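In what comes next, chain A is part of two complexes: it sits with chain B in the first one and with chain C in the second one.
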Partner chain A sequence: MVKRRIAYFFIAPAVIATLLLVFYPLVNGIYLSFTNADKFNSAKLIGGKFTPSSYELQCNIDSNKDELVPPISCLRNYINIFEDERYYFWQVFGQTLIWTAANIVPHILLGLGLALLLNRNIRYRAVYRVALILPWAVPSYISAFVWKFLYNSEYGFINNFFGTDINWFADPTTAMIAVVIANTWLAVPFNMVTMLGGLQSIPGDLYEAAEVDGANWRQKFTGITLPMLRPVMMTAVLLGVIWTFNSFNVIFLVSEGDPSRQTEILATWAWRLGRDQEQYGISAAYSAIILALLLFFSFVYIRVLSRPGQESAL
Partner chain B sequence: MKRLVLLGLTVVMILVVSGLSVAQDVVITYWDTMNDQEREVFGVIVEECATELGITVNYEYVPFDQAQATYRTAAQGDNAPDVLRTEVAWGPEFAALGYTLDITDMVTEEERASYLVAPFNYNTWGGRVWGLPQVTDAPALVYNKAMLAAAGIETVPTTLEELRAAALAVSEALSTEDAPVYGLATLWAEYPFQAVMWGYGGSLITVNEDGTFSIGVNSEGTVEALAWVTGMLEEGSMGPAYDPTNQYGNSMTAFKEGTAAMHFIGPWATADILSGPAFEDPTNLGVAPIPAGPVGQGSPVGGHGYTIYAGTDYPEESLAFVRCLNSVDNQVKLALELNLVPTLLEAYENEELASNEILQGFLAQMQVATNRPVLVAGGSIYTEFGAQYQAVILGQKDAQEAMDAVAAAWELLLESEPPAPGE
Partner chain C sequence: MTTTIKSLEKGQTVTMNKKYREPMKVGNLITHIVLILTCIIMVFPVFWVVSMSFKTLPEIQSSSISIIPENFTVANYEYVMFGMTKEIKGQGEINLFWRWASNSLTVAGITTIIGVLLAASCAYALSRFLFRGRRLLLIGFLITQMFPGAILVIPLYNMFKELQLLDTFQGLIIAYSTIALPFSVWMLKGFFDAIPYDLEEAAIVDGCTPFGAYWRIALPLTLPGLSVVSFYNFMTAWNEFMFALTFMSKEENRTLPVGLRSFVFEFATNWHHLAAGSVLVTIPVIIGFFYAQKYLVSGLTSGGVKG
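Moving on to the complex of A and B:
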């Protein structure tokens, strides 16, 4: 019993920190999503004088604008988001799916390709590794600004160097391509390192045995490398999807959501509603929707992909 | 126990000592939103005022496009600067949220009367005074005299149709095969576009007598005005091609380097323009009012004021600091060195200022400029307007459809418009 008490004592700091920094904001955010919180009714501290918040649960507000009754009216923010096109949910959601899919494929393929190249005994291997890991070492907002300059339609390096005249952010398709390229450049190093780690943990005797059996390069790749990489790849894809779905910097800094909101994704759009317009209730509902979507995806993904008996890095 | 007492004593000591050191000296934090060229001149004024008043001023820079949101966040948690350079459209919102100090009773009648009426009114909301105006401005038609002359245009256009014809003449006369020249630099956003909108009879939001709002942005006039812009872009007389995230800079660069002959821009940009290669000779820069349209003439009146944080420890000292920054001498200095338009009547008595051609051009624009609605939502209306303006300019959306979407979004904004005090 005494032993156990000491154990509790030791884990207390971590538990308290987690409760305060993760659990409380999460619960509070979900609570906010059911309220009419905005800049007018939030708590304020001005000159040492504290004004408590005065927002209410949506079901406690009689609204004559809709015919919702409790408990459905508690979900008013969610209903507004899904039904009122002035909150742009469906458009931004579609863009987020395109953005995530368009990113994850090159991330994984390029990451794997570069890892395969680096996993051989080549000269200057260390130099290549450092060069390829660099994008990851640069703070991502700095890279984002650099990409923004490169894409400038009139004075940017890309158009001047290639002699092209592409107005990247004037068209939704080229704008999306532009941000995906920038984000891929940022994300490939992580995937490469992860895959490289996976490759190096494959026992060499498997390849030796395969060689004795006369397997060629392709047979070795599909028969040994890919199956052995599976757990690592699964983790990389899952993390990649979650990060890309929520990735803020590149969209926010490079395209700024332009042209007219057509490269905005859920994470950046929720931020704009929250910070620019200070509609905390709506913004919190957006965040809760993002959380629900990602939880659902992760659950299905793990369910579908992890066969029983198979080892997973998750 | 003994240790606890010791600890308590130490804490008390620290509190007392730090409390004393704060009390000894007045420290005022001032957030500036001026651009680089402006701050070079203004920083000196801030220092002079700090010395004159015997106070310490933390002079901090917050980029203009982020200042509104940053200030709101800071003010909500008691971290706001004592004095903020506030854009006119932000004033009512900050006042409604209780962030800025009501200085109605601190400002004397005399002081009130010393300001131009229109800029001063921008600092009032609900009959109360929330700030003092620093500068006023409205985008005007700035032009490259040599380029217009080279294209054979002798008089500055006075109607939007004339302007369009002149712009076409310039780009046809001066463009070479691999280096296009534009008559008018692309209107960088919805903000300067408003001048054309008012010219064709469109409007923003009108507050009716019964307190309801009329939204005029989706009227026929705005649609015609958008057709004027897209028409010029198609003709190639307006350029460079609209690049959503870089357009302000690209239009400025084109004008500074002499690849665009005319530009709609306000006095804040003159220092930057005069640093450009096309204006090594500053007399090459001409300024005139933005031409009239078939229905009217206008340009959005903007400007900035000084507001004081409601939670400041030093309301009196902050106001004294503002008055020092805003003295006649300092306003004249800003006018002469940066071509910023003064808000004090007395500043206009300065002779040097009266003979400054650039400044007089902007003043002529002020005579035919349009006030924007003084609303809490006034600072937020441009988010949707800007997004839809972009969609039309890039040819992705029908003008009427886009402006209807703006009106719909504004209805949502105006739903949360609080009544002004005293109304």
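Moving on to the complex of A and C:
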């Protein structure tokens, strides 16, 4: 590699695009979260006539509704979200935690288990592998349509097959179970393939040496496989948590948040507040909260799990 | 897939004689049973939607659990491909499915060109040059990869409203162009790393500009990598649902994901049409996926682990 200034010309387009389309909207979203933006004061195009937006920072608005003074009053959206029950923050936050935990555990365990099986020296391994990653190849929204149909209360396959009569999305528990199963079906292939890649990168001589020393399979598993798989697992868990926390398609299409918001998670609920209810300020504050939670989680996770002297996942 | 399995098999030949096959052990039998059952669960929903696409609506809405259609029909495909017409003011009668498909194709195609061009030159610089901020850039891309669209969608919606980009393809393409960027850069960097720098160096000595060395020598040599990354970009845009749902509201402007959704979620419960449409949309994706997946996997694991 050579040290060259010209590198900046090569990276410029990608960097500028990322700054404009990721960081600028991010900053813009944080600004938006301090404003009173909603359907009345945001930009509009009605009958070909364009009206620019007219929302302002919350602290610039004289209102007698509360005793907040600037700069605290700039945070009015956040305070409302945490205090006002109409925004269902604590309920949806709790659901998001349940959703994430209930997903990530089976994703990792099933992914690891299947990878271990596929890593054995068995026949038809390539066939199994292709069949097992099929869900990953299907667009996730299509999978969501199929699962929505499978769960249909009147003529869905699952009720027909088991002879049951469950209205999955009428009860919060069954609804949550249903979306978690659908999402696990979607996510296991990725985890399996990632873990399999990790398993296959473990040098075979380690196992041979262990066998020479008379190690049994359990000792080999805890002494070689798990420690060697650690970096891959760490990455898989981190990415899995972030993606599950933010997943949109499965919840939005399969349960649609039913029954009455009880399977809604922060990402889908923020979307509904923003796009359906047109409360942009509140929705942007929700997004900022999600971002803060994820940054906090990633930071703690990497801090806790990186041991000194060991290459961390990131 | 071939490379990893090959290298694995190399390791196994050390302990295994080629002609000698181990007798079936109990452990292997259990492995097969577990794998077969799991495969059935993983494959079933996909088979079911294919089966549904050949069934009549009454059969779909019955209590039948047969995967083979009782009254086999291709009427669903006929309807989706030819029958789904709509009168649009100023444009005459159009077939909605093909309109959505051409919208998806346009958006995904242009997104791919922009995305690959952006990613390739950036990946080239990361692979070839040392410069201040290189590490920051690598980590920065990883971080943007980690925080997905759900956080950006409403701020972007609001910005597009202001810029009058809602319901336009330009808007959707702009929003898509950086979604696949971080991962594309990581993957392409790996492809450039695999090519020796000597060729470009020689070209530069002979008077080629650094950009010329990149454009005329390095890029053509990474053609396989470029094709995989192009496919990845295309698939990301082709499959994207949330941004398209948020930004495109006119029926004739929808992309396939949002259009298909309207079969069941808006008008009625046209599961038979939805199934046929889903199969049509998924076939090209699956073919491409199995072609590109080995690179996607290695790119993902190495990108995530090596940092």
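Methods note: the second predicted complex is superposed on the first by the 301 of 314 C-alpha atoms of A that agree within 3 Å, B and C clash if a C-alpha of one lies under 4 Å from a C-alpha of the other, contacts with A are read in each partner's own complex, and residues count from 1 in each chain.
Assume a residue touches a chain if its C-beta (ideal position, glycine included) is under 8 Å from a C-beta of that chain, and two chains touch if they have at least 3 such contacts.
Remember, it's a predicted structure, so these values are computed and weren't measured experimentally.
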Label the relationship between chain B and chain C on chain A in the superposed model as either fit or clash. clash
Using the touch definition from the top, say if A:47 reaches chain B (first), chain C (second), both or neither. first
Touching A:102, do we find chain B (first), chain C (second), both, or neither? neither
According to the contact criterion defined above, which of chain B and chain C contacts more residues of chain A? C
If you stack the two complexes on chain A, which partner ends up touching A:39: first (chain B), second (chain C), both, or neither? first
Touch check for A:153: first (chain B), second (chain C), both, or neither? first
One more residue to check, A:4. First (chain B), second (chain C), both or neither? second
Kindly classify A:171 by the partners it touches after superposition: chain B alone (first), chain C alone (second), both, or neither? first
Would you sort A:259 into first (chain B), second (chain C), both or neither based on which partner it touches? first
Given the touch rule stated above, what does A:86 touch, chain B (first), chain C (second), both, or neither? first
After the overlay on chain A, which stretch of chain B ends up in the same space as chain C: 23-31, 257-265, 275-283 or 311-319? 23-31
Need the overlap of the two footprints on chain A, from chain B and from chain C, as residue ranges. 42-45, 148, 154-155, 275
Quick one: in the complex, what on chain A touches chain B? 38-40, 42-49, 51, 84, 86, 148, 152-155, 167-172, 254-256, 258-261, 272, 275-278
Please output the residues of chain C touching chain A within their complex, sorted ascending. 1, 4-5, 7-8, 11-12, 14-16, 22, 28, 31-32, 34-35, 38-39, 41-43, 45-46, 48-49, 52, 60-65, 117-119, 121-122, 124-131, 134, 137, 139-142, 144, 146-159, 161-162, 164, 166, 174-175, 177-178, 181, 185, 197, 210-211, 214, 238-239, 241-242, 246, 257, 260-261, 264-265, 271, 274, 278, 281-282, 285-286, 289-290, 293, 297-298, 300-301, 304-305, 307
Quick check on the complex: what are the chain B residues that touch chain A? 69, 72-73, 75-78, 96-99, 240-246, 250, 253-254, 309-313, 380, 383, 387-388, 390-391, 394, 396-397, 408-409, 412, 416, 418
Residue numbers on chain A that touch chain C, as the complex places them: 1-11, 13-15, 17-18, 21-22, 25-26, 28-29, 32, 37, 42-45, 50, 52-53, 114, 117-118, 120-122, 124-126, 128-143, 145-150, 154-155, 157, 160-161, 185, 188-189, 193-194, 197-198, 200, 204, 208, 231-232, 235, 238-239, 242-243, 246, 248-249, 252-253, 267, 270-271, 274-275, 280, 283-284, 287, 290-291, 294, 298, 311-314
